[in-house]
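Chains: A, B, C and D, in written order; residue numbering restarts at 1 for each.
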Amino acid sequence: MTIDTSKSTAILLIHCPDQQGLLALVTEFINTNNGNILYLDQHVDREEKLFYMRVEWDLANFNIPKNKIADYFATLIGQKNQMTFELHFSEEKPRMAIFVSKMSHCLFDLLARYTSGEWNVEIPVIISNHPDMADVARRFDIEYHVFPVTKDNKEELEAQEIALMEKHKIDFIVLARYMQIISDEFITHFPNRIINIHHSFLPAFVGAKPYHAAYKRGVKIIGATSHYVTTELDAGPIIKQEVAHVSHKDMVDDLIAKGRDLEKIVLSKAVNKHIERKILVYNNRTVVFS
Amino acid sequence: MTIDTSKSTAILLIHCPDQQGLLALVTEFINTNNGNILYLDQHVDREEKLFYMRVEWDLANFNIPKNKIADYFATLIGQKNQMTFELHFSEEKPRMAIFVSKMSHCLFDLLARYTSGEWNVEIPVIISNHPDMADVARRFDIEYHVFPVTKDNKEELEAQEIALMEKHKIDFIVLARYMQIISDEFITHFPNRIINIHHSFLPAFVGAKPYHAAYKRGVKIIGATSHYVTTELDAGPIIKQEVAHVSHKDMVDDLIAKGRDLEKIVLSKAVNKHIERKILVYNNRTVVFS
Amino acid sequence: MTIDTSKSTAILLIHCPDQQGLLALVTEFINTNNGNILYLDQHVDREEKLFYMRVEWDLANFNIPKNKIADYFATLIGQKNQMTFELHFSEEKPRMAIFVSKMSHCLFDLLARYTSGEWNVEIPVIISNHPDMADVARRFDIEYHVFPVTKDNKEELEAQEIALMEKHKIDFIVLARYMQIISDEFITHFPNRIINIHHSFLPAFVGAKPYHAAYKRGVKIIGATSHYVTTELDAGPIIKQEVAHVSHKDMVDDLIAKGRDLEKIVLSKAVNKHIERKILVYNNRTVVFS
Amino acid sequence: MTIDTSKSTAILLIHCPDQQGLLALVTEFINTNNGNILYLDQHVDREEKLFYMRVEWDLANFNIPKNKIADYFATLIGQKNQMTFELHFSEEKPRMAIFVSKMSHCLFDLLARYTSGEWNVEIPVIISNHPDMADVARRFDIEYHVFPVTKDNKEELEAQEIALMEKHKIDFIVLARYMQIISDEFITHFPNRIINIHHSFLPAFVGAKPYHAAYKRGVKIIGATSHYVTTELDAGPIIKQEVAHVSHKDMVDDLIAKGRDLEKIVLSKAVNKHIERKILVYNNRTVVFS
């Protein structure tokens, strides 16, 4: 279900060790205080003995003021149950930055969804290591900054990028085919808040030209994976994956073209889930609520 | 298109370096000698400059006797164009052996298709390293032999297996979740004639318990790959791949159950293509005609 | 999650008008009486204002005796909240009958899963309007009865079939490509307990030869739909749907072959969900829990 | 394979009654005159006894001048074999007009692909019955014309639209969610040259609000179909179809959002095939070459 932006709602994302009665505790907290639950989904991982929950409720008649909900919830329920939780409000539009290099396919799809009002998000700034996409940014009236990052200047330029993120109060970053490895230092500023997209293959190929490798190997399926960026390269929590069938008729160029379509679809689906506050991360895995 | 078993047909599978006029040469050979082409598919790999072709024609009025077609074709066309080719006849049912261990899902699907007459194949024998599937073989009235292969007796027992294959005039072998590594010696007896099925993941996992690894990693897609067995483990030419979507709700058992369904579907599709003589292998890749 | 048959569990399926606190009420009932919840999924249909829930709990330390749970639940919670509910126990294997005509593909797949222990079900009897599948039934050691139903004898033979269902204490019926229209009288004996499979197309085709119509129309996708049988032909609640891509290369025979594979997959998935008590029906729609 | 725009090539699309030797005839014509075949695909519909072919060759050393190829081919081969054929040249970029109403999702995707150079096409003009999309057209620097078509003025305004198409030398039209029924008169100006996209369901729903109907029916799959427009509403030759899985958790809004994503993907894939001259239409069906 999409977030109903016509209402003022609160969204609570929780995870903690599983035990009896957790769900009842949380729903009672909301019901008792006159909150009308609009959406509830929970998951218990029986193997890891963990409890995950997402609940969204209407604040119209809720007894606890918005700015005190987190405090009350932590005191009354969270702490004694070792809960880690996030609280969001539908009225607070998340602010997103896009990092891009020279390829436009993901960028266009993100901006089209943004411009058409499909997403409850603000995109104040686009960052690139190349000038090529400036024209696309201009078409959508969004600030575009070029930081020509190299090994040597990376520390300095990333510091400037972080300052720019802070100036624009950026909540999360989307790497829309950004062909630059981000430093661990930068990543730790945005834990589980940088979304990346990369191609995936069955079997996997390492190295510089994966589509060429996939062609050589004669694969029948290609894929794309969207994940949060962690300091281990391309090994962060997976958000979304999709595949497409290919055949011997597909030359390297065809694989790349089909990969491009996959990348933009998968990245936009992952961003959508992030904007709707439907992703919980724990133990390098995601729970993605529907 | 399925093979029309009501007609006596010839099937020619060709690959060779590409050059102008190859297709015309082959079709002319058939047309001139009064063969009616029922199916033709060809593929030119522009990157590798290779020509692949599959053609099937009705032998009813064909001027060249069946037993001389290969000879004539080689002399008149094949040799001077450096063609590698296979010639098959629809009347010659391929003979298939199944190797199985303890799991029945692939075995049942293969036998059900065989018994219902879906496939133009003979299955005279099932081989296993365990007695567990004897009852299934009995239900379908097929010989079942147990060879309890271990590291120590592998050479000896594989020699017995090969003798059994020869006795039954086996053309190709299907590993229906056969959990034993086959020796290079055995494999070289059946080049591109042993079909295997294994699970595949995005990203790939190595080691003993891949479904557990996939669960730990929080993958959103699982897959299965069918391929010809070569002496490099699980790296032979890929025939068919399929995937299924999974989520955080799927525990290890669920992944295994979904994987099982994928495995049986993918293996049967690969076997079907092999029986219909629609697979060409070259450079460790397949061309799978439709 | 598959049902854990190693434990003695209770499964409660509930639907009722939505209101605040329903989930807390039910989970409290279980927790208070010392039941350990193993699985919980709920759904609120905001458009229809309906609440759906499936909960499964371990009976090991549950305070209320098995044979009194339904009574207690109805009295304490169900009635005052206008709940319709079903209570099942994992120890009670549902008993399933298969109706089949001349095609074996679905039948084999159902029996293979049953025989391999994949499903928590009993299949004591197979019924057909033709003798053709007797041999398959024999292979799996299951009773096979032929009722050569025609328009004229339908009333009489269906009465015999119902008697046979009662004798075998059949809980639900699976129509595995049973090519006979079942009377309204028969259907009302098994409300939402007869599962059917039929092909589906985009767009839909009416009439006797849908695959021929699909070929003529040049469709690029074919599908299969599994649903509960109601007195309105092929319009009952949908359980599961799948599709396959086709092209101009697929002749009518190829469409039928691909349709056959879809039918068996979709039917088995629907039957699996039914056996696991994961389907709730209301307003001619299903909620299928994962 | 994508068209290699770095070369000057000719593309021939042929269909005719099937007979022996057609393929050899055509390839000989090209080879004899020193044309290097880059791509060849053919299909024989055995049920309808029809031959379809697409061949593309390099014109670099071709003996026949471009402007005489059609004439020579018709005289030497086409007429005596009752061939219907189209001849295209890679250097002639097809000119495309977009018709749109108020929804931007398909429009953005088409324009992003155009602007990024993904397609060998010119898009000089966008037409709408509403002013809403003028801003999108402006972002991409494309002429935008509003024709507020109603029942009463349709004849007159469509005449103006046709004049505009002629002025811009438009080859084909893409209806990117254009919510106006086009007159038969207009359609006959562009036979198999107007591409439409519409949602599709299993089963199909007729009437004004199909997503509401699909929700009520509890469907598990929704789809989109792209087709050429004929005078029979939504019954023209199908080019491409795709589906997405949905569940009881999807409210009407979710179905619409998922449908939107399908529509834009399917429409762009169909447009791509048209631009690459890979679609042959005959008997209200398409052959779509890969």
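The working rule: a residue touches a chain if its C-beta (ideal position, glycine included) is under 8 Å from a C-beta of that chain, and two chains touch if they have at least 3 such contacts.
In this text the structure is predicted, and so the values were computed from the model without any measurement.
K.L.:
Count the residue numbers both chain C and chain D use at their shared interface, divide by all numbers used there, and answer same if that is over half, different if under half.
P.N.:
The interface is built from the same residue numbers on each side, given that over half of them are used by both copies.
K.L.:
Could you find the chain whose CA centre sits the greatest distance from that of chain B?
P.N.:
Centre of mass proxy via C-alpha means gives A as farthest from chain B.
K.L.:
With centres defined as the mean C-alpha position, give me the chain B-chain D separation in Å.
P.N.:
Once rounded, the distance between the two centres reads 37 Å.
K.L.:
Using CA atom averages as chain centres, what separation in Å is found between chain C and chain D?
P.N.:
Inter-chain centre distance comes to 42 Å.
K.L.:
Do you know which chain A residues sit against two or more other chains?
P.N.:
Within chain A, residues 1, 46, 247, 249, 251 contact more than one other chain.
K.L.:
Report the residues of chain C in contact with chain B in the complex, numbered from low to high.
P.N.:
1-2, 104-105, 108-109, 112, 115-116, 118, 136, 139-140, 247, 249-251, 253-254, 257, 261, 265, 290
K.L.:
Which stretch or stretches of chain C touch chain D in the complex?
P.N.:
It comes out as residues 43, 45-47, 52, 200-204, 215-221, 223, 225, 234, 237-243, 245, 247-249, 251-252, 284-288.
K.L.:
Name, in rising order, each residue of chain B that touches chain D in their complex.
P.N.:
Touching chain D: residues 1, 20-21, 23-24, 27-28, 31, 36-40, 42, 44, 46 of chain B.
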